[in-house]
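What follows are several structures.
In the two assemblies presented below, chain A is common to both, partnered first by chain B and then by chain C.
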Partner chain A sequence: MFVSDCRREFYDVIVTQRVLLLVASDVDALCACKILQALFQCDHVQYTLVPVSGWQELETAFLEHKDQFKYFVLINCGANVDLLEILQPEEDTFFFVCDSHRPINVVNVYNDTQIKLLVKQDDDLDVPAYDDIFRDEEEEEEDSENESEGSEPSDKRRRFEEDVIERTMKRRQRREWEARRREILFDYEQYEYHGTSSAMVMFDLAWVMSKDLNDMLWWAIVGLTDQWVQDKITQMKYVTDVGALQRHVSRHNHRNEDEEHALSIDCTRIAFDYDLRLALYQHWSLYESLCNTSYTSARLKLWSVQGQKRLQEFLADMGLPLKQVKQKFNSMDMSLKENLREMIEESANKFGMKDLRVQTFSIHFGFKNKFSASDIVYATTSLMENIEKEGPETTNFIKALDSLSRGNLDKLHQGLDLAKKQLRAIQQTVASCICTNLVISQGPFLYCSLMEGTPDVKLFSKPVSLCLLSKNLLKSFVCSTKNKRCKLLPLIMAAPMDVEQGTVIMVGIPPETESSDKKNFFGRAFEKAADSTGSRTLHNHFDMSIIELKTEDRSKFLDALISLLS
Partner chain B sequence: MEPAEVEFLAEKELVTIVPNFSLDRIHLIGGDLGPFNPGLPVEVPVWLAINLKQRQKCRLIPPEWMDVGKLEEIRDQERKEDTFTPMPSPYYMELTKLLLNYASDNIPKADEIRTLVKDTWDTRMAKLRLSADSFVRQQEAHAKLDNLTLMEINTTGTFLTQALDHMYKLRTNLQPGESAHSQDF
Partner chain C sequence: MAGERVMELVRELHRATGGHLPPFRTEGLRQALEEMRALYERNQADVSEAKSGRTDLIFLIRFRHCCLLRNQRCLLAYVYDRLLRIRALRWEYGSVLPNTIQFHMSAEEVEWFNRYKKSLATYMRSVGGEEGLDLTQDIKPPKSLYIEVRCLRDHGEFEIDDGTTILLKKNSQHFLPRWKCEQLIRQGVLEHILS
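For the complex of A and B:
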């Protein structure tokens, strides 16, 4: 059931208990976790943090801890499946689910006792009405009782006929109801999409309790920006949420305008920015950033020689000398940096890049440290999905979690370096895929598969990196192809996951259109195809559109998908 | 003594906070504290004030000497005099550090205050070094310095006493030779 008063029904209940936090592996969940941890530290709540990256880990963690805890908080996992069936908990365990995955499973919505959903009510949820899906079983029993009643023989025959008619009517009604129910559920669960970021929900909870700080606001901003960077929400939703956060930003940061009462330079300051969309440009050189941001490299078609020439023209149009542009951004001449944003926007309009500027936020503390929200998102993602194993499984998660705190700037800088490597790897892979025509149209969708020997292919065995790669690839493909029909197709991307076990990780992403609603039907499609072909698949990830399967089953799986979707 | 120990002693000083929760009087070994009522200022030791501030349960009010005008006067006076002037609090350095680290958003003009306190500290340390230097040179037997705070004494204390011990040993090693001489004569 939905929690209407977050504070009373959620926080006040757990503040006196020991709680188990199960946190999914994405930046939005990390930010929500940080906010919740800060609130717990204020009130001395005892909690245990368990990072989970898939359903199997969730189940093992639950089985391990179910004897010690009665209250479980799930962040960015668990809303889109029937939790009670998967976990089989006792009667007195309670689950608080704060998840941005939609659609929310109907059992979770209508369960009154054990599952509480921390979700904003004004998200367009479209949950089907209770009566359409659930039906009391009592009516069945009444029928059978009537049948077994004995009575006089003369009336018996008449009553028998009436009973038969009644029963067939009821059976027909029941069948109609069930058909309608299947249809409603199919429509409801067909498309996967994302709702409000969990970090923003947690920040609202902190705000309601008047414990919101600038730091927590920053984490909420990073959570929202993560959803935008990974293309999980529509542009309109992003702009609406940015507006909501902007109100909080001005409330917390208005003192910086006034010279008299300005805060110490060490205090965190957040500012609203209408900033460039170039990834990590303030920590890199402008040239590298232009080459490695998907938006610019797709529009300028930087994988071809023509594209490189266009880039040079673009820079010349702005009057930026190559020597300046190729050095670190902080060392560029001040005169060039001052009007950079306006200059770039003007020139970008001429080259077909109308949305080069985007509304975002930046944080500023001390004299040296200025970061934009998307920088932090890229840094944290690459820390979390770092393929270099440095210890037990969870060190990457903990490192990424730590890098979000102000005091751990060294981890943040390490994350920025890893992010640069990752972005370069993505661009090179995209360029090679497009130049060698690896993206083939299979009919209802486009398909691309990475071979094992491809450089940096190990980076793409992780789900979030592979998703970023696929989205970039689709954007670039749409800009490069002349086939109008292909531009509207979705993409399925496959990459080798574990060479020894022979598994492949596959993601499906929706088509790239101007006003797409980011709804993804691949979750259900993958499930059906796996069932029909008996392929050995593992639907482990919280996003249903990411699966792992055995390399041998790949071709029959794809054939089943083609026939399913055509 | 370690500087951390001096800071620990400094945390016993009282500072005013404005809590946002309510609690009855609490009875601790060191004394009674409270009662706490939201919006009403109350005096508590610094260790409790910092803990409550970190848990977002109060707002700190800077002590009255932590003000740009007053600190400028103190700094100027320190620079004029040759001896040490009395400081507004025997733990001014530790309190400044603690309050500015954890509660700088409650203290107006925090950066300037930090600079002024550091200036005063530097002047006093320079005077201390000068006085230790002249003490050693003139081989005085004892010296008296007024208005020093525990933190300042602590920075030179160990070094100065050990150095003087060494010098005493070196000096007494010269003496037996002389006295032996004089006796033989």
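For the complex of A and C:
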């Protein structure tokens, strides 16, 4: 059931208990976790934090800890499946689920006792009404009662006939109701999408309790920006949420304007920025950033020779000398940097890139440290999906979690370096896929498969990296193809996951259109296709549109999908 | 050469830095005591001879006496230093020492340790009101009641004061009362996180 007063129904309940935090492996969840940890440390709530990266790990962690904890908080996992059925908890176990995955499973919504959803209710949830889906089992008893009554034969026969008519009508009604129920549930669960970021929900909780700090606000910003970078929410929702956060930012950070009471340079300041959309440009060179941001490389078509020429023209149009642009951003001439944003925006309009500037926030502490929210998102994502294994997978999670604290700048810088490598790898792979026409249309969708020997293919055995690659690829493909129908198709991307076990990771993303609502139907489609062909698939990720399957089953799985979706 | 063996004992102890307790060298001690006994007997014999006239033996007697004193001093230093280290172990590890360390102690040292423990416990009980005060905790002034710790390796289940158990798995983070974690932090199972 939905929690209406976060503070009274969630926080006050657990503040005297010991809690187990199960946190999913994405940046939004990490940020929400940091905010919640800060609140818990403030109030001395004893907790244990266990990172989980999939349904199996969630079940294992639950089984290991269920004897020791009665209160579980799930962050960015668990809303879209029937939790009670999967975990089979005891009667006195409570789950608090703060998840941005939608649609929320109806059992979770209508369970009154054990499952509490920390979700903003003004999100477009469209949960079906209770009576449409659930029905009490009283009708069965009524029928049997009627039969056990005894009386005169003629009366009995008449009553018997009436009973038969009644019963058939009831059965027909029931069948109609069940058909309608199936339809309603199918419509409700068909499309997957995302709601408000969990980090923002946690920040709201902190704000309601007046325990919010600038640091927590920054984490909420990073959580929201993660949703935007990974294309999980619509542009409108992003702008609305940015507006909400901007109010908090000005509330916390207004002391800088006043000369007399200005804070020390080492204090954290967050500022609202109408900044360029170029990835990591302040920690890289402007040229590299232009080449490796999906937006610019897709519009300028940088995989072709003509595209490179257009890039040179673009730079020339702005009057930026190549030598300046190719060196580190911080070393560029001040005169060039001063009006950079306006200059780039003007020239970008001429080259078909109207949205090169985007509303975002940046953080500033000390003399050297200035980061934009998207920088942090890229750095943390690449730390979390670092393929250089230094231990179990949870080590990467812990490193990424640490890098979000202000004191661990070395980890953040390591993350930035890894992010640069990742972005470069993505661009090169996209360029090679488009130049070698690896993206083929299968009818209802586009399909692209990465071969084993491709450089950097190991980077893409991780779900978030593969999703970023697929979105970039789709954007570039849409800009490169002339086929009008292909521009509206969704994309399925496959990459080798584990060579020894012969598994492949497959990701489905919705079509790339101007006003897309980011709703993804591949979750259900994958499930149905796997069922009908009996392929050995593993639906382990919290996002239902990411699956793993055996390489041998790939072709029949795809055939089933094609017939399902056409 | 006289005094060699006892010097070896002292040198070994000197090399073991950081409060580490090397194994108790019963053999070395026995040899040193043998040496002292031999010196003493020879001295006894020479003293009776010197009394009866041979004054040139006095220097030899004095030399042997110096050796005896030297041996005694070194042996006492060895045994005393070990006792100091064992005392420090009580403050570091608590009342139950790990088996590896207990191996390195002689029976008498174990006896001494038990008596020290008892005496410390009696003192702690007498200080600080009714339940006594555990002086071996919080050697450095604590900053907060609860600390955040991260598990560095799988340690299994861990029980805290109110009977509940926590499963310590690698890379899980916990927020626990400080006094419960100190032991494990010293052992290297948990790591204190400062944010």
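The rule is simple: the second predicted complex is superposed on the first by the 566 of 566 C-alpha atoms of A that agree within 3 Å, B and C clash if a C-alpha of one lies under 4 Å from a C-alpha of the other, contacts with A are read in each partner's own complex, and residues count from 1 in each chain.
The criterion applied here is as follows: a contact is a pair of C-beta atoms (placed from the backbone, for glycine too) under 8 Å apart; a residue touches a chain by one contact, two chains touch by 3 or more.
On a predicted model such as this, the values are computed, not experimentally measured, just so you know.
**Q** On chain A, do chain B and chain C fit together or clash when superposed?
**A** Partners fit side by side after overlay.
**Q** Let me test your reading of the model: by the given contact rule, A:R7 touches which partner, first (chain B), second (chain C), both or neither?
**A** The answer is neither, since A:R7 touches no partner chain.
**Q** Go through the superposed model and pick first if A:R424 touches only chain B, second if only chain C, both, or neither.
**A** A:R424: touches no partner chain.
**Q** Contacts for A:L213 in the overlay, against chain B (first) and chain C (second): which applies, first, second, both or neither?
**A** It touches chain B, and chain C stays clear.
**Q** Once both structures are overlaid, what angle do chain B and chain C make about chain A, taking C-alpha centres and a multiple of 10 degrees?
**A** That angle rounds to 40 degrees.
**Q** Now for A:K519: first (chain B), second (chain C), both, or neither, which partner does it touch?
**A** After superposing on A, A:K519 lies clear of both chain B and chain C.
**Q** Counting touched residues of chain A, say whether chain B or chain C comes out ahead.
**A** C
**Q** Output check: A:T394 vs chain B and chain C. Expected answer is one of first, second, both, neither. What do you get?
**A** Once the two structures are laid over each other on A, A:T394 reaches chain C alone.
**Q** Just chain B (first), just chain C (second), both, or neither: which does A:R167 touch?
**A** Neither partner.
**Q** Applying the document's definition of touch, where does A:C267 land relative to chain B and chain C: first, second, both, or neither?
**A** first
**Q** Would you check which partner chain A:T48 touches, where first means chain B only, second means chain C only, and both and neither mean what they say?
**A** second
**Q** What's the minimum Cα gap, in whole angstrom, linking chain B and chain C in the superposed view?
**A** Nearest C-alpha pair, chain B versus chain C: 6 Å apart.
**Q** Check chain A for residues that touch chain B in one structure and chain C in the other, and list them.
**A** In chain A, positions 41 sit in both the chain B and chain C interfaces.
**Q** Note which residues of chain A are touching chain C in the complex, please.
**A** 18, 37, 40-41, 44-51, 64-65, 67-68, 391-392, 394-395, 397-398, 405, 407
**Q** Which chain A residues qualify as touching chain B in the complex?
**A** Listed in rising order, the residues of chain A that touch chain B are 41-43, 210-211, 213, 261, 263-267.
**Q** Show which residues of chain B lie in contact with chain A when the two form their complex.
**A** 20, 54-57, 100, 104-105, 107-108, 110-111, 114
**Q** With touch defined as at the start, can you tell me which chain C residues reach chain A in the complex?
**A** By the definition above, chain C touches chain A via 145-146, 148, 150, 164-167, 169-177, 194-195.
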